[in-house]
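Structures given as structure tokens follow.
Next, two complexes with chain A in common: one pairs it with chain B, the other with chain C.
Our next item is the complex of A and B:
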């Protein structure tokens, strides 16, 4: 049954593959051709795959959604409520297609825009990086994304440049029953500094699929803050792969917030490729009803003196199901690695479900690695404390639930985004409690 | 201060309470009038902290008999937040930490919730900021406390000062201070005691639950009650605390004196 469904899905997928555009640069054509070949050889992931054993994505096989082809007629006034309040460099993609009329770049000396346009002048630097980090050989959805690669964001930060305003990559879904392919490549040269916000939103309520691949390369001493916000509609499917490559003494901070989608999966791979690289990766999943949200992270320490910190939190209500799999690799050469990981989970109903799995693979002997996982409900002593200060049981529950999530959101440095997310958490916790 | 004509704020009669089926309070009688400060002393396990929690309405404890009246209103049927709004305040022995919520937000939320329930005006963030900063001076608190998460990373002394700050903001009729002196060095103890002394007046009342006499050097009680095995076994004036300090709890122990309460 499953096999047949997958077969239909693949057939339909192959039929919907775009004709290879003739104006494509030949290396890109080749990258896509290889991915297209690869699709035929790959199996649709199922619960039998170790990497997918908690996450049933079989509903996806019934949805042979083709890529969206339409050009957007969205106006600025339709979407300005989604903009940051701070000055920002805004790149807007609608259903995976770049919308220059909705975008706005304010910082000079920034190479930023969509791939097809920038390909004209920057083909060689794009070639050096595109598809080099997000390896598709063993990842079905990355392969698919690469095969359909036509549009996407390219951001390149010059050596020793600090980008004053955050870059807001706003991905908007407006069409039902399509697959939106999003691609983002961020290349930060030596000593540069940048803040990137990846924002996924829906302007309609029907089902669709987002397939997003992000690649980030930080050169020596570069710094990036990367905030990823997934707030798609509750019928959507969100499949994302993000790969980060860290060079010597570079620093990567990320906050991943998952609120939306019926089924979502984020694979985040961070490779500390050289000495003294640092990463701090935090996540918040806030889901209810029948949502399923899966976060798979892998922090790979390859060289000495690396530092990684990770805190992942889930707030789960209704019959929702969250999955966290946090892998930490410490390779034989990676002596003096300092790593900590914590997974904290709050279950708000008896049907809520979490699978959390720390996975440490340590091959070096002189390292410091700490990890812990907790699953629990709101603490009755904490509730009593707040009640004794006059708060009702509901208010006390809301405040504690909110606080649990706010601890992660507070790590976002862009204040309007932080406030908006705090409000989103507050709204959702109130919805949860008011039933 | 003792004034026999003051009105009764708290009246506890034959109070019995269980936790998980075990009886902890075995018939407490206690009358507290406005303007008075009462100390409840006793060894660990005597039931004094349980009494504090039962008065505040902790749901782990089941009241099996007796009555508790605040200003002639029976409060045993009230949930904790209703008791708080009616004027009961419990300063916790171990205040909880709430990472992710700024102290200023929390204090304003508690203040405005209680204010609105009492039919008084709520304060907006700016008005509240002025108001709370004034109160913080009572406790020699650094204004930085407002921006930090509630109690997170606070030292023992800072947490206790934050409790007394809440007492100052909420203006309770009856404050119950549960082991407020524990974990405090002498300087912090003096600051906390000074704060409490400035908040107490002829219209409110305070119960100090404490193991040691030390706190009572700085907050002088009008009455001292000694608890043992869920009962008040002796009641006296402030000199009783000093006698306990000298002779130890054995001196009053084993039910040889069962004068309970201070009713006249």
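Our next item is the complex of A and C:
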């Protein structure tokens, strides 16, 4: 890590900062001012930091860091191929800025929209949650995101409401050499039920940065399914932090699919703040060429009777590099916790490599915790079996690689999204064999 | 669980006593003069002094590591006396001439040396504080060409071997404590098995810290030439002291083509009292180099003592088809902390490694498994299997797992699994039903839990380890 570069990076970052937050709401002004203050104190993460040991993000420092411009002339017809086939509530952000002309809300009684707009009517509710879960004190990129906080999605689900159609958050990048700040806050009240899709795409091929922060709060008995699809171009940098707070007997299911970006990093923190909360976190990383994809998750059991399950899979080709760090904390009070985690990795080429670290920290004795990790290639016996049934070597390899990835994708309940991702995996596996 | 089990663990340390032998102690502190003093006291050749000074220079530039999952007050390295030796006496011709005080100590420890040597056929190279006092069975070993002596003796009698291998696996600047050891090590064991020789008996050494306030820095070097086989045993006990003692040993193993080294440890240094006062800081660097083709290095450890255990016996699998093994049981109770595990570095083709780690935490203790499996791009067909299980006894202890897996070769197969469990009410009830009381039930469950590791120990150690574990955990289950 070049210290001079990171210094320049910080300088240019600080220069592009608004000198003073201009928000009319005083608490928000305060929040941003604190974050701006914090930026100067933080250090750009380098390989010397344990959290960033395997992920060298120094190429980032070579890019200019202007926040993106607001103007966008995107038409519905330019992006309709990205929409879900099912009826959905769609919020579109272009380069981090809300695009109302492209968005479409079909559930009338849903509180959903752009943060600054909803601030007028829902200030107290937003204040209670915004910035409360994604702590920026020790996270460089969350701090930045908070300092530059402008547009963002705010979704509030009323008590005992079940949102029938999924909410599709479409983040589109159209400008090269900019930083796009994305923010999302989902607050689900008692007994509510919601499906949220975060979708990151790019409509150009040059480098840029996405800095995304998502905060999710589930009240008692609330239920959320959260699908996160990162399919940005292969020059992009994607840095995301997602924090989830679970109340009593709430359930959180998430599937994270990482296909794109030159360097991508996802921090996913789930806190089981009260008894009998449940989470199920799955991930699929499918990368090739020179891509680097890093997934850091932390499942923190704070109270008894929690349940967590996690499966993370990586399919790595070319000279790509995947990193997985899955931490499970079981605090002293969290008796009767049931937790399982598995990290499975498929190396398809001799240049591909993986650094995985499933980590358990347990402070309670009456718990069931297990984790496992495997690294390997396709099973020769399985290949042989398929060949003995008349498939060619290539077909057999395709089928097995596809099946390896499909296990994760099948957990997505939105069928058009699932099909699209299955196709993406299929395309990639075919590409692999065609070489 | 029952109160009877609560009482099971809190047994006082059985080996806590101080032997009164006049010691020759160097002034406290560390500087070049002290290193020269150690070197001259030991009458060492110039190259070894240079080795020490070089290590000291490296050490000065290093800072104490802080990434580990253990906590302890800062060590004042200038407050430690780096040399202490029993006063030199006339050369001993037989066991009868050994200081009777010393012999009594060993008897208290349950190591009747002559008896043990005769009955068990074990050659014991006894380390008392830092200087080797007596060596048995040396002549018998010499017949087949095996050199087994203290490292200071080896420096004088086999300088070419020591010079060639010392620091070759763990370079002087490897880490903070290895550098410190390289600068100030006073004694240790040296073992050389020549080409094609299968060592006719298990080799063993007893380490023991005696003088209060003196850190002990042993250095062990085991070399197995082409086709040689050796099983080396190391066992530790220490007397009860209130001030913390630093123990920073370095162990290097070198296995050439087709050689096989098995290194077993039972560690029972003083762990401090139930309030976490006192106890040994056991910061050890152990590494084996499987240099030749088809070579094998196997570490087995039973870690029950020390206030802090911090060590990672590692294998560098350089030779094609070489094998690395690590079997470990780590038991912590009261305020003990253990951060232990292994590193398997796969460099050669078709290298294989197995890791079996069992951690048992009781009381307010914390134990961590920290392991690294690295498969280099050159290690075609590498294979690793790791299993680390933890058992928690009580709700105030912690168990942690930090397995790093780094794979750079797509023909490698790496598997890791970990689990945690506890001694269930239902299990105890089942035992009670069959007329077995809680104490014995716990001991049986624990022994079952650790069976995979105990099987790897040489017979007499396995018996000792089983006993050690039961009295270590007495009173902790409740």
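Simple rule for what comes next: the second predicted complex is superposed on the first by the 429 of 435 C-alpha atoms of A that agree within 3 Å, B and C clash if a C-alpha of one lies under 4 Å from a C-alpha of the other, contacts with A are read in each partner's own complex, and residues count from 1 in each chain.
We take it that a contact is a pair of C-beta atoms (placed from the backbone, for glycine too) under 8 Å apart; a residue touches a chain by one contact, two chains touch by 3 or more.
Every value quoted in this text rests on a predicted model; they were computed, and no experiment measured them.
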Partner chain(s) touched by A:380 [first = chain B, second = chain C, both, neither]: first
Contacts of A:406 with chain B and chain C, given as first, second, both or neither: first
Partner chain(s) touched by A:370 [first = chain B, second = chain C, both, neither]: second
Broader residue contact with chain A after superposition on the shared chain, chain B or chain C: C
Chain B versus chain C as contact partner of A:388, first or second or both or neither: first
Contacts of A:249 with chain B and chain C, given as first, second, both or neither: neither
A:360 touches, of chain B and chain C: first, second, both or neither? second
Intersection of chain A interface sets (partners chain B, chain C): none
Contacting residues of chain C [partner chain A, same complex]: 67, 375, 377, 390, 392-422
Chain A-facing residues of chain B, complex: 56-60, 79-81, 83-85, 88-90, 92, 95-96, 98-101, 106, 109-110, 113-114, 117, 166, 170
Touching residues on chain A, where the partner in the complex is chain B: 379-382, 384-385, 387-393, 395-396, 399-400, 402-407, 410
In the complex, chain A residues that touch chain C: 50, 332, 335, 345, 347-350, 352-377
